[in-house]
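What follows is a group of structures, each given as structure tokens.
Next, two complexes with chain A in common: one pairs it with chain B, the other with chain C.
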Partner chain A sequence: MSLINQTSHSKGSFKSSSRRAETARVYAHPIPIIFPEPTYKFLGLSLTRPLNPHCTAVFDPLTRSAWISNSGDATLLWQRGFFGKGDLSRSEPSWLARQINARQMKGKGFTSEEITAKRRAERKQFKLDRAKAMAAAAAEAETAFNEQGRVIAPGIAPDGTRIIPSAATWKPTSASVLSEQSPLDVAPGEEEDIEPIKDLEHLQLSLQEAFFLVWALDCLTILHPETNMSFTLAEIWNTFQNAHIPSSVPQLNAPSPPRFDNPFLVSYIAYHHYRSLGWVVKSGIKFCVDYLLYKRGPVFQHAEFAIVVIPVYEDPEDQANSPFTLQNAEPFTWSWLSTINRVNSQVQKTLILSYITIPAESRVSPTILSSPACFAHYSVREVVLRRFIPARMRD
Partner chain B sequence: MDDALERPRHQPATTTLDPAEEESSGGEDGGLDWTKLPKIGTARPVIPKRGEKDFEPAPGGGSGLQVHVLDRARAAMFDALKADRAISSKSASYGIWCPHISRVHVTVARGIHFSVMGHSAARPTLIDDGSMKLQKRLELLPEEALYLIERGALFCWKDIQADLTGLDDVEGAPMSVQQAFAEIIGKEDLTLEKYQVFAYLRRLGYVVTRTDPPSPSYPVPSPRIGGDGASLSFYRRLSSIFSLFTTSFLRFWRGSVHWWRPLRISRWIHHDKSHSNVLKSLRVIPTGHSVAPHSSRATPVAPSSPYKIFYNMYKPSTNFRKTTPPQPDFQIVVINARTAFVPSLYELTELFNVLPETPPPLPRKRGTPPVVQSSPAAVASPVSTSTFRHIFSWLLPSTPQPISSQPRPHPFAALKAGKKNIVIAAVDSGNISFFRFSQGAFEEWPTL
Partner chain C sequence: MQNHPSYPVLSQLLAKYPATGGALFQVYNDLTLAQRWTDVEVLDLPACKRAAIKGQRPTTDTDRGPSICVVVPCSLSESISTSWLRAAFTSLDPLPSEIYVAITSEDTSTVYYKISQGIVKPPV
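The block that comes next holds the complex of A and B.
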């Protein structure tokens, strides 16, 4: 079942398993291309044609992204491979559904964003309650010490039970749930309900995602933001690279010598590499990394790996002459590595340092940059990073 | 260091405490809770369990209770530190620090430490008739000696060239711990960081030895046998030839990658029409550690790089024989976290080059893991190899590679374990942070 239509937390195992089956059905296709079951098959040959959708996006140079305003296209790209992000949502473009939900159900059902908001409110309440209980226990211990000179263990009742709530024992009171009700439920009046809600949201594709869909999967057309003419592949190739040329106003098709260390190319190499291995690749900015890898997709399980893209110049000269300052091209300090690793082990992700070598211009002629053929000269190497804790490895 | 605390003294001050007060903690983090120590007769100090920070400081400098608890903990700490640190004369060892060879000559070896520390070396020795003769004797490396001195298990005198008349004539006091640190750190490549790592691991029970023998008499593991055996390597060679052949064959058959239109789904072949095949055809970027990264410099790793393997490490459970050490469980690089950066790809490649490949975690993979990447062509096209096998499998009936009969390890576990492992200990003024860098192999475990 799509997150949009999710009504409530499931109660029974039957319900959750049927929901899982529904999720598996909705998100059955890992990429937008569909292969129908062949009706006729002979000696390993079949005539069935793959169904490749044709979506349309508009390039937006300012945000360095491609916008898909057609909600059908947006849903398709989200459900088949989890491409893009709703500009008014956390991931799935669910703004319209949330609005309709809020009007029609008036708090009877929750969208996933509302469920998250509720959970966060409860958590906050729990922390407040816990702090209150701890303060009370400390005050009690203080009184006992002052009056009787006794040192008692704070937070433990005479019968040995703990007074301070833990995450496992704490239950939300009805008051805390009510107070959290989203303001959307209160607002709408009669007239507003009649007026249909206009979908203001668009799906926003990063340039990497857009190029993967255009070039590798051939299921997206990108339009020029001003002329509304469709770009050719070669134009997209140049435009996306130029989007990263440092200048106050990014110009389309501005001539500049192509470089192997163009930030678009480097991050696209990493994106393409993991996509081609079947991972669902999403941005990892919330975890101090470049990408997160999901096994089947964010609706199925948490991301397993956090990818830090580290460009490696084959020739240090190229780095010195470069107009770009690539992130992570300079060596890491140990404190920064520890920071990233701490953040990611906290959320159960394994940190992967993904080294992308940038071909030396002295080895590979930059003329090859006129087409994606240059990809064959880059290379990707992963290094898995984990803390090593000798005290726990003794066996 | 505070000399007053250093000096062993008897009769620790006793505090009378209610035993019921001691149940208040049990957490993992926080400082040492010294109140957990036994109160009276602390002849042998025990490292206490960690306590719990159970209050926030009250505004205005702490309440009466807080001050009381703090004072109690502080008093307990001093009591623990005041305790006599004694060693039985029956288990004390004796040695002579010889600065010119950076070794401690152990004259009396007692206790369990010498089952995993020390090695025998032949040195010219003055024997009874007054002549010099090569004689084997037990010697300790600087870190081993310092560790034993610090523990109080070894009394070590400094060798003075003028006086070589033997143990009976040794007079005077042994080196203090401070003197030993001053004398020994810096000898035989031993930095303070390396000693700290050594001592920490030894205290946990690991056996730690040098990777590069500091002298020829130092025992090291026998060199690893390359490959898995003759028949396997033969098969490996055979299959690499095959894969080369199939690669070129399929290149010819399908034409090389069309760079403006990489997506090619054959109109006719049903096998092509699946998501995994589409993704396979998109794997066009060279990947994997089997080929060393290019560099425009002749030596991409500066000779001054601190990333050199220094210690071999054996788990306490490993059956360690001092004279014929087995292959190490881990190998460790020790660096100063303030002066060194995280290793570059080239430094890591150089480290991985000398390391053995570890099999993926259980359930174990089949005999030859898909490491048949001796040729770059095989790396670039795992696709074609498998296609080839798929189509022509009936042609190779006696393939010694049961592809699907054995259980495969869980892909996540295999991905996280990596293929080659190096432990890097980043030491920042005494705080040691261990990291494990493993060679990742995402290309071998596609999810589709």
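The block that comes next holds the complex of A and C.
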């Protein structure tokens, strides 16, 4: 769906039915592999093969991620399952569209970033108008009291109308709309000789997303950044576990000693658990949590659940000997837990504590860590957190 | 990453501080390409073991004047402390009234926090 020169746009999250139908059509597939309608069956078994797009990504050790620069693959992975994020955009890669819009339309573009920027500028202008009106009304009340000794209600004019604007009734004046210009200054005669803008954005997959696409769905190949050879699954397994070591080249050797509490393994288990149950899992950094769960995807509805991953060691000895300090492995303070819960209830998300049990090295031999078969020994348990106010919550 | 146009500018500091290289690269690109900052230069802060980015934000009508801001990138997997933040302030010359800490996540989400020295009253 092109974001350049769109002729219709939706207001906030209230979509018209045609817009909703269009979104449902574009984002119809929940995973990159498509299972086409069977053309014929034999004994009740479909004989058509699933369509696998076979995308390619390049591993980047410094940013600990996989990059997809091919825009076809990037669009495909975003539209079928919301994998990845454009590194210069809020969600899907839209940087090139925004640059083109800035040149052609001078600030009237319709990518989500541009709509948000416009809304924020209007709200800022409203707040300034309101502050000015409040200051003027307060000054007027002061002078009325000093000169005539009478007290007037500051926000109300003599005929009963409000002087101070409210968010519901304020309208942006034409001056404030025009002032929202793009910072790029295109001189009048420049339209003729414009060179095409090079797309400097890529779709970035976190290690968890990349491993899920490689191992669970088998629709992604990852290339070595320098040799451009594709990694084998064993090399990916080792490289991703070693990614926490700061380095500019991929570390292909198996981690020594292999450990069950490797940060990649622990976060991947949570990611895989929720993805395989059908949730769309995205990063939760904006809400102080580890993951956000979307029922269908970010374009449909806001995330309903916020996941905090809490690793629990079966054997405390392993935690004492660990070279890693996993986040949230120590008990939370009540104040910190309340803070996270408050932040998420403000945005109508339910907080879920996801406990990942790390097996004890005394019970399970670490040699099992040579392959993803080790995942069978971990467990995930959820605890839903909701603030309870006895005085108010009677139903 | 080597083929990206920002790489030549950052390559020395990426090699010097590989632990924070990813965050530096991501924040530098976000500021120069997406937020369209101008006069961007990269500073070396050995006291914080990372590089910082100084530049000018695009001014909007409601700003009082051009503002030079300093952004210190860090990644979500790090743990930072107040002594680290204090070192960031003292290593910068001239001493800024506030700095921005850019916290990056591996999926390229970046959140910016404004840190001032002491208590600052919010603007109206």
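The rule we apply is simple: the second predicted complex is superposed on the first by the 336 of 395 C-alpha atoms of A that agree within 3 Å, B and C clash if a C-alpha of one lies under 4 Å from a C-alpha of the other, contacts with A are read in each partner's own complex, and residues count from 1 in each chain.
Quick note on the criterion: a contact is a pair of C-beta atoms (placed from the backbone, for glycine too) under 8 Å apart; a residue touches a chain by one contact, two chains touch by 3 or more.
Please read these numbers as outputs of a predicted model, since none were measured by experiment.
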item: First (chain B), second (chain C), both or neither touched by A:V281; value: neither
item: Which partner reaches more residues of chain A (counting touched residues only), chain B or chain C; value: B
item: Contacts of A:P38 with chain B and chain C, given as first, second, both or neither; value: first
item: Which of chain B and chain C A:L200 touches, first, second, both or neither; value: second
item: Which of chain B and chain C A:A66 touches, first, second, both or neither; value: neither
item: Contacts of A:A121 with chain B and chain C, given as first, second, both or neither; value: second
item: Touched partner set for A:L337, first chain B, second chain C, both or neither; value: first
item: Partner chain(s) touched by A:A306 [first = chain B, second = chain C, both, neither]; value: neither
item: Doubly contacted chain A residues - partners chain C and chain B; value: none
item: In the complex, chain B residues that touch chain A; value: 18, 21, 23-24, 54-55, 63-65, 68-69, 200-201, 204-206, 257, 259-263, 265, 267-271, 273-276, 278-280, 282-289, 291, 293-297, 315-317, 330, 337, 340-342, 344-346, 348, 412, 415-418, 423, 426, 428, 433-443, 445-448
item: Residues of chain A that touch chain C when the two form their complex; value: 60, 62-65, 84-89, 95, 121, 124-125, 128, 131, 179, 183-184, 200-201, 204-207, 209, 225, 244, 246-248, 263, 282-283, 285-286, 325, 327
item: Sites on chain C touched by chain A in the complex; value: 1-2, 4-5, 14-15, 18-19, 21-22, 25-26, 29-30, 33-34, 36, 58, 60-62, 76-77, 79, 103, 105-109, 111, 124
item: Contact footprint of chain B on chain A as seen in their complex; value: 29-31, 33, 35, 38, 41, 44-50, 138, 141-142, 145-146, 151, 153-155, 215-218, 233-234, 269, 272-279, 295-296, 304-305, 310, 312, 314-317, 331-338, 341, 350, 352, 355, 357, 359-360, 362-363, 371-373, 375-376, 378-391, 393-395
